[in-house]
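Could you have a look at this structure, given as structure tokens, before my questions?
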Amino acid sequence: MPALTDFDEFRDIAKRVNNWGRWGAADEIGTLNLITPEVVRAAVATVRTGRRFTLALPLQQQGVQTGLIPGRVNPLHTMTALNWEMFGPGAIATSDDVVTMGLQAATHWDGLGHVSHGGRIWNNRPAASITPHEGAAFSGVEKAPPLVSRGVLLDVARARGATRLAGDHAVTPEDLEAAQELAGTAVRAGDVVLVRTGQIQYYLGGDREAYSFPSPGLSLRTPEWFHARDVAAVANDTLTFEIFPPEVDGLYLPVHALDLVEMGMMQGQNWNLEALAADCAEDGVYEFLLSAPPEPFTGGVGAPVVPVAVK
Amino acid sequence: MPALTDFDEFRDIAKRVNNWGRWGAADEIGTLNLITPEVVRAAVATVRTGRRFTLALPLQQQGVQTGLIPGRVNPLHTMTALNWEMFGPGAIATSDDVVTMGLQAATHWDGLGHVSHGGRIWNNRPAASITPHEGAAFSGVEKAPPLVSRGVLLDVARARGATRLAGDHAVTPEDLEAAQELAGTAVRAGDVVLVRTGQIQYYLGGDREAYSFPSPGLSLRTPEWFHARDVAAVANDTLTFEIFPPEVDGLYLPVHALDLVEMGMMQGQNWNLEALAADCAEDGVYEFLLSAPPEPFTGGVGAPVVPVAVK
Amino acid sequence: MPALTDFDEFRDIAKRVNNWGRWGAADEIGTLNLITPEVVRAAVATVRTGRRFTLALPLQQQGVQTGLIPGRVNPLHTMTALNWEMFGPGAIATSDDVVTMGLQAATHWDGLGHVSHGGRIWNNRPAASITPHEGAAFSGVEKAPPLVSRGVLLDVARARGATRLAGDHAVTPEDLEAAQELAGTAVRAGDVVLVRTGQIQYYLGGDREAYSFPSPGLSLRTPEWFHARDVAAVANDTLTFEIFPPEVDGLYLPVHALDLVEMGMMQGQNWNLEALAADCAEDGVYEFLLSAPPEPFTGGVGAPVVPVAVK
Amino acid sequence: MPALTDFDEFRDIAKRVNNWGRWGAADEIGTLNLITPEVVRAAVATVRTGRRFTLALPLQQQGVQTGLIPGRVNPLHTMTALNWEMFGPGAIATSDDVVTMGLQAATHWDGLGHVSHGGRIWNNRPAASITPHEGAAFSGVEKAPPLVSRGVLLDVARARGATRLAGDHAVTPEDLEAAQELAGTAVRAGDVVLVRTGQIQYYLGGDREAYSFPSPGLSLRTPEWFHARDVAAVANDTLTFEIFPPEVDGLYLPVHALDLVEMGMMQGQNWNLEALAADCAEDGVYEFLLSAPPEPFTGGVGAPVVPVAVK
């Protein structure tokens, strides 16, 4: 098995998008630094109608996980109390519930500690700083500032005239340009970019096997596009985020390595963009206020999120 | 043990605040209906600086639960993969995590199914419609529309000149009036009201026993105040939401019954209002854009939430 | 859907095998009462060589559950500490683990509370006495006395000259007689009978779908056979215990109802009898000392078990 | 913090009790090799009356864990189905349950992977061979052969004329000798020795804080005593197994290191020896058949167990 850095293209891109030290040696949040109060104000200024969209899948046993990724279990929701008359017969009765789930099982953010290569995570921290007893000592998801910014939908499927992209389609910078043109707004610093492939239609239609694999997704060549625009974060509507199986034989998850380790940019997966995309197609407005704070698990390398878009 | 309805005061208030049928017999979201696009636009219009505040506590084993409420366990975060070179030596390494937690263990919303009395939950649904194998068949937290609205902080502690309210202080309608005057804005339809007692300082200072009990909280007399103003939801910075031990001997959790069962209004607990309150005290602005969508657990009677305020 | 008692055959057998009240109205352990000190001594007397066999499957994510039974999740094993130098660098390092699993996910006993019909569980207790906050108030698995007795293997597959029984084979009393003859020992009061179908070969061979369904298993006519012999408990090597799909159209899980509710006899499932059966075939001895105490979960309606046979 | 091997006494004992390589370089079960068929036959021969004793604590939320050991959570038992008429109204109803628990939370065995020192676990395997995605690659608890042997109770508390030993009492080899004399049988190869301190009376009496700490327990000097007799395993009735706080300042958990890493001998904790001890005191017989197989979690570094003694 060749190491990531045995691949020339990967190594070259890694150098170009690397942000280590850019916000100081102690930084733990990477490109979330790019969301400034000005960015937030501009995001708020995009709201015109007050219509709201949730981009989260319901959390349930019949979730998107198929067992492909060991240990990433779908939410198991059980009751610990059920109309329990805790204070005696006739008194108020309470119901309570509990869950066990993979933090990356459903609609989620990859935290910056989710992947490492060469023994390093974001900002040159040792990968060994992640431990079971405390999770990620650096860049845990609980470190993220409240994630509110301008969201821009890049509807690649629509820009290409497809209901959904084919399973072997790597979303290229050219695809992003075309979708940006459709969106009618330029991606800029601090934005959260949502890239739509349409792949999640499989899951919504009941076929989670087809959803998981093979999957269209971001190409190895996209991190530079996002880096050039100083995007704060990127999310899409697939399980794997990047195209899978990979573009280059033997080069696994290079986009993860470039985004998370090199740039320090969080990635979102399993975001349901269907309703939002339909609305954008209808009114031609592809920008919105996006609120998508990760659940702040201390030391988390991933986190569930309920992204809400307001137009 | 007397039943809830054996208490005259409770029974009378229950009649006055009851919203069953108001949005139709099929309604499952209660007062969240009051958040209209107009309300959202007005909420957005409160943003001036772009400053953001999270109101969520970190999710961790050392959370607010002490064992007082059986089964409501603090988050147990463990790793299912740790820098795992899944694709072979030298390849990218992934870390993954999983959690087990009570849905109401930390910063959360009580769903409308959280309590019942007289065998009924919100909108006259049978309490028995909640089951372990599917949770709440009606009014599960996944039914909530994206919860974004105007937030108003009613800083009762500050309005009373206290760092925090005493453990036996029931927050009255008069307290809410005083805090509203301090806030300089009238609570109105669709608002989410955050009531600050300061009680959470105990937990933040390391004493979760003192935090849990005894606790200041909302009085039996407050639901009418919220009902009169058509508030969408109310949250505060305590474990019990309402004063505990209760105001009337033997009358347990009456506010829960009035808010959730009768009015159909979600309640938030364990919200950390300290940083937001300090900011409001400084600039005198107590209104803001609030995004606080519950994690959409199918059939959930409660849900973690990461409330974010933007000013 | 007809009720269980709409089926004549079921109703008649139910009357004949009913043990309610046999050990008093307060009894919570049913046929485990039949294991007396004499039975234990006789069980011990069967040991000749000291060879030991475990009948438990390993507990792991790739367990026998396929999602067919909602919520019955395979064991998820994760680490909470990993070579953690808790007391400082250079000191001893500890590793700790945690599990989430269905109590009936792998090799297990069905507790007497596992099923109800007509609103009743074993010994005429109300089914409603089982609640999420305390589990089974009566006949929880923690009530079982230490389960050690004589085990007898009834190798039905071998007695029929089959590697494994066909998926539509209902094990009849005649099959049990034939296997008893092969065993060379008569089943008697207090015995734990292990019925081998060979079905578990599918799982051991990697095909858990084939293992789960369709499955050979005990016929509706077997409970009387066990009842006549005062057997203490019965276990086999299938997921469903009884034949599934059922023998009589619309009559689901009648054997569960007869064994657990009517007779008060625990059932074991997913027991790996392959190695033991090979040994019995070789030496012709089908009786042994069996130790199989359920894990004593308070209020449990099922329990993992590590059955050990000693010959 | 000095390393374990900075302590002369520890280092010297470690050399003397080390069993690495004794059963070959590939061995994963250590002293369990000492339980031969002859040992099992002799164990069976101790049974005279057929009386059975369970040594397991019930598995429940109010278990022995107090939060002292991070992540080692008490069993959380919840229902996933409750009298669910899965096949339609009137049909059989099923109840199912699920648990989350630390594998070492209650009555358990420490697996050989539970501790490491100097980067090594039992039989010179690298500590790094334990990972979250597969647990212990070597010497996981699922590797243990069926653990049935002769048990011998060394009732140190009784031998010293105490109800229970004081919290600062280190159980010495001399204590073991005295208890062996009381037992009237010599500990020999393949035995499982149960050492009674009486400490568990605190937990049984409702005081889990007092139970946990300070605790009497085995002295640093006991591993040699067990090694000299080729004992297969040792268990006792405390949370910490060895005396805690430790005998030598700064020398933490040396007995764990000696037993598990050096000797390859499993340790049992939180075993309830009270009823068994009372019986032994009454009839003067301190030997018995013991069945105590660990639940076979693949890769487990610890495992729940339901030890059963038959006299």
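Letters A, B, C and D mark the chains as written, and numbering starts fresh at 1 in each.
Please note the rule applied: a residue touches a chain if its C-beta (ideal position, glycine included) is under 8 Å from a C-beta of that chain, and two chains touch if they have at least 3 such contacts.
These figures come from a predicted structure and were not determined experimentally.
Colleague: Using the contact definition stated above, find the chains touching both subunit B and subunit C.
Modeller: Touching subunit B and subunit C alike, sorted by label: A, D.
Colleague: With chain centres defined as C-alpha means, what is the inter-centre distance between subunit A and subunit B in Å?
Modeller: 27
Colleague: Please report how many Å separate the Cα centroid of subunit A from that of subunit C, as a whole number.
Modeller: Roughly 45 Å separates the two chain centres.
Colleague: Which subunit A residues reach two or more other chains?
Modeller: Residues 70-71, 73, 76, 78-82, 86, 98, 100, 131-133 of subunit A touch two or more partner chains.
Colleague: Which of line, ring, star, complete and other names the graph you get from chains that touch?
Modeller: complete
Colleague: In the complex, go through subunit A and note every residue touching subunit D.
Modeller: Those residues of subunit A that touch subunit D are 70-71, 76, 78-80, 82, 98, 100, 132-133.
Colleague: Can you tell me which positions in subunit D touch subunit C when the two form their complex?
Modeller: These residues of subunit D touch subunit C: 1-4, 6, 36-41, 44, 47-54, 56-60, 69-73, 75, 77-83, 86-104, 113-117, 119, 127-128, 130-132, 135-136, 142, 145-148, 252-254, 256-257, 289, 291, 293-302, 304, 306, 308, 310.
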